[in-house]
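Once you've had a glance at the structure underneath, I'll fire off some questions.
For clarity, chains are labelled A, B, C and D in written order, and residue numbers in each chain start from 1.
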Amino acid sequence: MMTLLVQWFDRNYRRVIYVLVVLCVLVPAFLTVRLRIKPAGATQGLFNAVEGIPAARHAAITNLEAELAHTITNQEKLLSRLQRLRQHTNGVLLLSLDFDPSSAPELTPQAEIILRHAFMRGIAVVAVIVSTPVGAQLAQSIVDRAARETQGRYGVKLAGRDYVYLGFRPGYFNLIMQMGEDISRAFASDYAGNRLETLPMMQGIKNLHDIDLVAVITGFVGVPEAWMQVAKTKYNRPLGMGMTAVSVADYTPYLHSKQLVGLLPGMRGAAEYEMALDAPGAGTRGMLAQLASHVLIIVLIALGNVLFFLQRRNRS
Amino acid sequence: MMPESFMDLAGVWTAALLSLCVFSFLFKDNILFKLTEAIFVGVSVGYGIVLSWNAGLHPKVVVPLMDFIRNYHSKSRADFFWAAYMLASLGIGVLYLSRFSPRQAWLSRFPMAYLMGIGIGMSMPLTIQTSIFEQMRATLIPLVVKTNGAWDWAASLGNIVLLLGVFSVLYYFFFSVKKSDPVSQTVSRIGIAYLMLGFGASFALTVMARIALLSARMQFLKDEWMEGTLRYFNLL
Amino acid sequence: MRTTLPKILCIGCGIIMLLQFFVPLEFVQRDMLQWVNDSAIVVATFGLAIGLASLVHVHSARIRRRARGWGFSVVTLACAVVVAVIGLLKSDWGPVVAHSQRYDILPNGVTAGVIEVTHTLFGYQTETAFTNTLAAAALVPLQQRTVPMFDWFYNYIMYPLMSTVFALLAFYMMTAAYRAMRAKSWEAGLLLAAALIVLLGQVPVDQFVRLPAIDGMSLFEWLKLRILDYPNTAAKRSIIIGVALGGLATSIKILTGIEKPYLGGRG
Amino acid sequence: MLGDVLTVWLQRCDAVVFDLDKLNVFVGLGLIGSVMMLCVYRARRGGARFIRAVPGLQAVDDALGRAAELGRPVLFTTGLYGVDDVATLAGLNILGHLASRSAHYDSDLLVPCANPVVMTVAQELVKERLTQAGYPERYRADTIYFITDEQFAYASAVCGLMQRERPAAAFYLGSFAAESLLLAEAGADAGAIQVAGTADVSQIPFFIVACDYTLIGEELFAASAYLSRDALLLGSVKGQDLAKVLIIAALAAGVLLLCLDQFFGCHWGTWFASLFTVTEAL
């Protein structure tokens, strides 16, 4: 009986495995189970940074007011900066969605949850893509969908007022450098073609100095370094990242050296972030599928080895 | 993207059915997969034609060349060089077509030789730069590390392990040495051990990304196809 | 002449491209590289013509012979022609074949309104408009979106097929792991062990099983990072260096004319 | 004095024709190139002829023989890339050898291509080799054909091909991306003996797991020398080895100097490492 079963499995193992994989992936797609994952430190770091944007903006405004009260020189410049800061009292998040369709399945949940978090807290969002024109359309649909999905409970989110998607421009290093000086010169118009000067939201955002947090979600090599060199090192803006599980290992050193406030590792990062926000979504669903499939592959490897050793013992 | 117009709906259905046909290959090679494969190959070839015209030949060569011919009197010397070079390239490219004639087929060696020469010449210094120098520089680490005046044993051990790996794997790749003595056999084996550990880790690391891809396809079938269709007809 | 001239061309181009790397002139580093790229595009386009000729030849032969599955060859050729024609034509070209209207939330997310779509033979156009509540029933165009039919082919045939075939890998990883990850020898055992550790480190197993923690990470996560940092990095680095040397050897052989693949080997 | 003159002269050159920042690359290229050329020319006069066994290649003849026995074809692919990719060229070199061997065994060789230029080169190569081996009548252009240059369309077509033609042996030698495992698993499902070889670090693990034999990285480049036992090719393998000796020596020296840095607080090691700095092209 047992040998018959083993022989049958040996012939049909492919189809059995395929069915199991489909189950592992399909069932979680229809479920929203609350996985009890405790966010790792790296994820919590980014979550706290986003959560703290309104407070950071408030502190910046208070600081500037104090500075204004004490200085006589340069008053005009400080005033205009204060005016800019006051336009977005809940702060501004710059989100760079640097991925193409091939790494999108892993990174979209991260982008979605960060956007949702920002929209829920009334934080203004500037979204860009600096690395590839292929992902531009995809990034727009992610931003628009997040805006549409949060508006029910948290007030209407309008493009150009509460968020703006600037699309793609080539030459990422120089582009980020330019954004440090003047975003509207770097991009000129948003993805739909509106000139940035005409957008109400951009009145309060001139360059990276007016951004409270830079979040970069990417699967590319080189892009994180560019953001780190410009946004963190040159302009000293807090910087957080989301990455594919494959490339996370290369960038953990930056987390330890405090160059990054947080780092989301792949689908798991998104799931942890959703847990931190207490809003399970695509990441949690995806993580369930991941967990099931990883368990499956481990079981399969174990089974393969057990069968292998049994066969070898039978033969000898 | 939820289907908004009728064309979107038709598209989502096409995409969903084609996806299912691809998955059916897992069960068995069948007529639906053969059809999908034929469509996929055909569409991708058509797409390749359009792309090489719309994103390559047309904007990069044809339009500027036409512009050059139209306003040639106001062009600089560099532009003349450019035009001559492009015309020469066209000439080299046309030689490819000689393959259609058995007797003149040797002319097609020119474009092949040209592309090969350019590619190889361009890549050689870059290979030295990125694949040899950068890797060497990253490997130049001290065997023992001192941080703030104290020996850092953990970091030292890490460096030793890394260096042992780099040297032994490099040794494994020696081809013209007879490795029959026990020492070199041991070093080679250490090299193989490093390789295998690395490969196992890389394989396992990729599982997550691949499962995510499949999840995304399933999500597409569920959200855009099933829910989207119901939504389109106001059933949801 | 049949062998010497191509050889001279290959070696000459190679050496020029090799030397340009070291020349800091802006003209060389920017314009010349651009030119050479453009030129390579031109030449490769003719190569595509040869590829197409091969494709047409193979499939038409199959159709003529009425070989097994010749119908699929018809489908392949037809799809290629259709997509190429649609892509090369302008999207607003062609007769209008249909209009459609529906009531929906507009892309700006606030107002409900009417979205009007014009379908032409080779493309379709979404014209968004909303019904002004004050001046009822007056359609004011708000935003326009033109979607060429070519994009439709990309969005609904190419992209789904690409990502679905890519997703087959999820299945194949499993079968490959089951079939081949067996401890048949010590090498295979090491590969297997590393794979298992990394798999366990990838998912939050410590949420379900109590594991000792190191550096604030679960045991497997810590082990995973160590394997990635040391054996994996060392192996990759040496492979990259080795491959670079192998590549350089091949390049040098070609640039000195010892090897001539474009002539069919070392003829 | 001489140093000053040299510096001034070099600086002048720097502005005009030579980028001093890239001097190290120039020296490296010259060094490695001359070592390799030296070995090739020594081999031409009859130098050492030893090359160690490469496991995957010893299986080539078995695989071809099995294909002939079963009366099933042999499949060969170099992957997606063009002739400017050296791993693809290395794969093509092996194709030449396989073509004459499979003609010897009288089995069909299928070469579906994803790049039209590679296809033309492969056709030339196979024709030439078959003529040399005395089987000019066995050359058929329609077994070396173009499918499409789109990665996954190509992969799905080859997967389908394997299900239908059931090759007894499959060779994947060249440059591959994510399609590597698609090809290898479809081939395993079709029951083929599979030999793979690639220079792409990220794809080697998949080939190792799914194929019977895998040429790891540099082994792919040594393969044509191993198969042909040609003196010039063996010489260049020797050259590769000597270059590796140079690299290992440089690394050892650098590591030693860095250790001295740690002990005595000097900066020799950091200076040595800075020799390998390359200007980033951002």
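As a working rule, a contact is a pair of C-beta atoms (placed from the backbone, for glycine too) under 8 Å apart; a residue touches a chain by one contact, two chains touch by 3 or more.
What you see is a predicted model, and the numbers here were worked out from it, not measured in a lab.
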Looking only at C-beta pair counts, which chain-chain interface has the most contacts?
B-C
Quick one: which chain's Cα centre is the longest way from chain B's?
A
Taking the mean of the CA coordinates per chain, how far is chain C from chain D in Å?
22
Separation of mean Cα positions, chain C and chain B [Å, integer]
7
Would you kindly tell me how far, in whole Å, the mean C-alpha position of chain D lies from that of chain A?
38
Mark out which residues of chain A touch at least two other chains, giving numbers and ranges.
14, 18, 21, 25, 102, 245, 268, 290, 293-294, 297
In chain C, what residues contact two or more other chains?
18, 21-22, 44, 47-50, 52, 55, 69, 158-159, 161-163, 165-166, 168-171, 173, 175, 177, 179, 181, 191-192, 195-196, 199, 202, 228-229, 236, 239-243, 245, 247-248, 251, 254, 261-263
Counting only residues that touch at least two other chains, what does the list for chain D look like?
22, 25-26, 29, 32, 82-83, 86, 89, 117, 120-121, 124, 147-150, 152-153, 156, 164, 178, 204, 206, 208-209, 216-218, 222, 237, 240, 244, 247
If you look only at chain C, which of its residues touch chain D in the complex?
18, 21-25, 44, 47-52, 54-55, 57-58, 61, 69, 158, 161-162, 165-166, 168-169, 172-173, 175-177, 179-181, 191, 236, 239-243, 245-254, 256, 258-259, 261-267
Taking the touch rule as given, give the residues of chain A at its contact with chain B in the complex, in rising order.
14-15, 18, 21, 24-26, 28-30, 103-106, 108, 141, 244-246, 266-268, 282, 285-286, 289-290, 293-294, 297
Quick one: in the complex, what on chain B touches chain A?
1, 26-27, 205-209, 211-216, 218-219, 222
Which residues of chain A touch chain C in the complex?
13-14, 17-18, 20-21, 25, 35-38, 40-41, 101-102, 144, 147-148, 151, 156-159, 192, 245, 249, 252, 268, 287, 290-291, 293-298, 300-301, 303-305, 308
Chain C partner contacts - residues on chain B that touch it in the complex:
4-7, 10-12, 14-16, 18-19, 22-23, 25-26, 34-50, 52-54, 56-57, 60-61, 78, 82, 85-86, 88-90, 92-94, 96-97, 99-100, 106, 108-128, 131-132, 135-136, 138-139, 158, 161-166, 169-170, 172-173, 191-208, 210-211, 213-214, 216-217, 220
